[in-house]
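There are two complexes below, and they share chain A, which is joined by chain B in the first and by chain C in the second.
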Partner chain A sequence: MSDLRIINVEKQYKQPQQKDNPAFSLHPINLTIHEGEFFSLLGPSGCGKTSLLKLVAGLLQADNGEIWIGDQNLTQVPSEARNFAMVFQQSLLFPHMTVEDNVAFGLKMQKVDKKQRLSKARDMLEHVGLQSFGSRFPDELSGGQQQRVALARALVANPRVLLMDEPFSALDPGLREEMRDLLSRIQLEFHVTVLFVTHDREEAFSLSDRIAVMSRGEFLQVGTAKELYERPLTTKVASFLGLKNIIEGNVESGYFRSTDGSFEFIVDATTKNGLSCLIVRPEAMQLVTEDSPTLISGIQIQGIVEQMKFNHGFYSVKISAGESHLTCSLTSQQAATLCVGQTIALQIEKKELWVVND
Partner chain B sequence: MKPQLFIKISLSLLVFLLMFLPFIPLILSSLSFGWQWPAIIPDSISFRAWDYVLFGSSGTWQAVGVSLLIALIVTIINILLAVPAANALVRNSFRGKWLMEAIIFAPIIIPPFVAVMGIHLTFLKLGLTETIVGVVLAHLSPTLPYMVRAIMISYQTLSVDWEDQARMLGAGPVSRFTLVVLPHLLPGIVAGASLSILISLSQYLITFIIGSGQVVTLSILLFPFISGGDPAIASAYSLLFAGMAIMTLFGLDVLLKKYYQQKKAVTNKG
Partner chain C sequence: MWQKNKPYLLLFPAIGTIVLLFFGGLFDGFLKSLGYFPALDQKDFNFTAYRELFRSSEFWESLILTLRVAFLSSLFAAVLGAIIAIFLFMMKESTNGSNSSIWYRLFQLPLTIPHLVGGYIIVLLFMQSGFLSRIATNLGFIETISEFPVLVNDSFGWGIILTYAWKEAPFISLMIYPVLSRIHSSWRDVSRVFGASRWNYVREIVIPVMMPAWTIATFIVFVFTFSAFEVPFLLGVTYPSTLPVYSYQLYTSGTLADRPEALAVNIILASFTVLLGLVVYAVNKRWNALKGWD
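Right after this comes the complex of A and B.
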């Protein structure tokens, strides 16, 4: 097995890189990425995810820590000898070379002879759907095509790890989805380990086997998309993943009680006492109607509809319950019976109530 | 006729006139023999001046050779010095960077005469006066700033990401420079080289003081005739000088175009 292991890697910037950025540091990070795994680093800009990627690539020198792949220590190995590949936000195709020569560049560096490297390059171009573009120059291609060439160029030399730094963020939304599908397909086909940096949670969710949520040079949580979304460890993770229904409260003697008193229910014995937050996913709240089944375990809340917004395929409805404002997702049919200002009842199953201590 | 076309034609005509009009009296003067005031064109045509310049024992061709040799060596040294200097000045931020830049660009602002007096004294002690080596060294200071400036601008448009990308594809330092950095810098290098050649060719004062009349370039030959010797010969030399400069630039242009064509031909074949 050749897993990628990041052991206690740490980096401090003494001087601020930009005027408005404070001095930045990457706290010691430990991570193992399995062979063939698609791993994403997700976080807001300036959280250190690109720095971590460049540390793994060897383009930045770490203050401390080691990078291993399998049983080989790569910490002192220069970037060009690590046999990693990287795709940047810009495609960075060499403008004075044809598409084919660009793709073959990595093989040329490995001293593969010309015939062989060009046939491999053409093969790779076929995989990304650009077989007839080999003799063109990069400036004759569109942005999406250029990024596909960049992907082909990165993969042609069979890299041990493919590093990607927000590769699709400069593309149109439609094109971005197309590229995601292509990347997923190619990643399965070549069984390459991918370390992917993005600030787009949808992108991370749809592509990754596992995701690390980062903030200020630290990992907040590492897990699968489902784990992160349904069981976020902190409110920070929850709010970064777009969960806005965070209700402050207190856990005491087996009960959670919200600050305004509108939520109260029994929690697991394992939940720690003290200040806590309740996190409810918008789709976990069910509208109570005359013929809806009553829940055996769960809670019911009353709220006033404040706003309704159509949001591809469903309605996102804002309600106020006590002092807190909640957003829930309802189907168009359910939403058709509602109007702003109406009081409605919602119920939440017990297993959907998620309490975290910050 | 469309008004746009009319403007285009008249502007081209104007530029043409401004560029070539001054050459007409120069040509006439080089062919004249005692061209005096009320005559609009010289009353007698003579090839005496051209005969002296091109075929006489004037040492013209040797001077042309020396001028070009000095300009070429100066330019090559400039490229070798300016590429790392521009790299350091653009890519790094270090203490006293402004001072470094000021020292490199000072020769543009400070009159060459000031510097050349000091250089002359030093070169006398080192035994470098009256030699081509000495003149080449002295020509570096007024030409280097332009070369550094041109290459710095090329470097400013080359993001480090390009080299990082090449690195991630397995390119070592030498491959990175020759395959990625150099092609990007080439237009800047050519611009700097053109300036460097032209400035080196037209140096009179520095060549005269350091070369002490022993290193004879075309400017050295030209000067005494301009300052009152023989206007016909001065005109012929001026034309020759302009021709030499234009031919050099033209040659550089042809070489560059050939390089790009070759590049394209190679990639087309592959």
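Right after this comes the complex of A and C.
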């Protein structure tokens, strides 16, 4: 198996000239990406995602640690000999070369003869839907088409790992979605290992087999999109994934009690005592109506509707419950019966209550 | 009406002077080269001066020397200028530009030195009793300074070639360097990831990108060295001399009868320059080397 293994890789940058800005460092990172896996590094700008990607690519030299692919140690192998490919934020096509020559560039460097490399380039352009664009120059293409060419250039040489540094962030939303679909299809077709960097959680969720959430040069959590969303290990991860219902409290004698007393329920025996936070997903809160069934194991809370916003086919409703402000997702039908200022009851199943010790 | 014509009227004094002095002089020279010389009471037009010129062996030897000097000077300056520009570019990439600006200024230094002074520097350095021959003698490489090769005032024109190569290389690098600066800093990373060594990067990306500017700069140097006067006058020999010097020799030979021939040489020089300009324009247009930028 040609898994990509990153073992204790770390990088310390020099202290910047402004002394109040501390030097950035990438803490020791350990990670195994399986062959054919789509793995994303997700985090805010400046958290070290691109640095890690460049370390894997060999464009940056690590201070410590090793990078392996299968049973080959790549740590000292220069970038040009790693047989990786990379797609950058900008397409970075060479403007003096035609689209076909750009796609065939990697093969030319591998000394593949002209006829063969151009034929492969044409094939790959067909895969990305640009079969008739081979003789054009990059400035004759739109941003999306340029990025397709960049993807074709990366895939044509059959790379061991495809590295992608926020490749769709410069595209408009419609095009971005189209490119995601294309990438998903191509990744399955070629079964290529992908290490993808993004700060867009939707992008990471829709594409990845597994995701690593990064902050300040370290991994906060690694898991599938579902694991991260439903079981975030820290409030930091939850916040970054857009979970806003974070209620501070305390775990003691097998009970979680929120600071304002509005939440109280039994927790698992495995939950540690001490200061904790309850994380509730917006869609886990159900509106209690005359017709709705009462949950056997769960909690019920009362709240006053503060704000209602229509959002992609459902309503995002803000309520205040005690000192906490919560957001829940309700259907248009449910929201039609509500108005701002109304007191409503919400119920949450026990298994949806997620308590983390911070 | 006034608003529309105002820019042209304001430009008129400058354009008028240029037209009068440059094109007027050229036209006057052209008329005289055709034998129209009212001062000598010659008012007919004929091609005698051109015919005489093409028959004389001095003219052909002079033309061969001029072409050789211009070609070799441009070639050396082009290679040297490109090396300087690529060196500066690579240094800027690897050191984030901290030292490259100092080197950039240093390499530009010869631009500030007049051609005549540049010529004298070459004389002082390369003549048989010059600086380098004395060093070579003192170090024991040669026994006497007369063994040092004749590089100044030689019939091949090495002195002129050396002066122009030294003087024009910074000009060529000055023309290429801004083009190289447009190279995206991430292109090196892109090329590395796709397997390009440093040399591959230079061959596949850097050279094609700088080619149009390089060609034009080399052409300018060629045209300049082809028709320049002072350095060949200072560092050349009396026979054969380059065409501009030959023209000067004819013009100042003491007899007015040689003047049409002297001016015919100038007209040939000017025509050749225009012709070269057209050729380079056509080549560049066909190459379309800037295609794809922006």
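Convention: the second predicted complex is superposed on the first by the 352 of 358 C-alpha atoms of A that agree within 3 Å, B and C clash if a C-alpha of one lies under 4 Å from a C-alpha of the other, contacts with A are read in each partner's own complex, and residues count from 1 in each chain.
Here is the rule we go by: a residue touches a chain if its C-beta (ideal position, glycine included) is under 8 Å from a C-beta of that chain, and two chains touch if they have at least 3 such contacts.
Predicted, not measured: the structure shown is a model, and the values here were computed from it.
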{"item": "Fit or clash - chain C, chain B, common chain A", "value": "clash"}
{"item": "Partner chain(s) touched by A:T75 [first = chain B, second = chain C, both, neither]", "value": "neither"}
{"item": "Partner chain(s) touched by A:A157 [first = chain B, second = chain C, both, neither]", "value": "both"}
{"item": "First, second, both or neither for A:S320, with chain B first and chain C second", "value": "neither"}
{"item": "Touched partner set for A:L59, first chain B, second chain C, both or neither", "value": "both"}
{"item": "Partner chain(s) touched by A:S135 [first = chain B, second = chain C, both, neither]", "value": "first"}
{"item": "Chain B versus chain C as contact partner of A:E100, first or second or both or neither", "value": "first"}
{"item": "Touched partner set for A:A85, first chain B, second chain C, both or neither", "value": "both"}
{"item": "Footprint overlap on chain A, where chain B in one structure and chain C in the other make contact", "value": "57, 59, 78-81, 83-86, 88, 90, 92, 94, 96-98, 105-106, 109-110, 153, 157, 163"}
{"item": "Chain A residues within the chain B interface of the complex", "value": "57, 59, 78-81, 83-86, 88, 90, 92, 94, 96-98, 100-101, 105-106, 109-110, 114, 118, 135, 153-154, 157, 163"}
{"item": "Interface residues, chain C side, partner chain A - complex", "value": "184, 186-187, 189-197, 200, 204-205, 208-209, 289, 291-294"}
{"item": "Residue ranges of chain B in contact with chain A within the complex", "value": "161-162, 164-172, 175, 179-180, 183, 263, 267-268, 270"}
{"item": "Parts of chain A lying in touch with chain C, wherever the complex brings them together", "value": "54, 57-59, 78-86, 88, 90, 92, 94-98, 105-106, 108-110, 137-139, 153, 157, 163"}
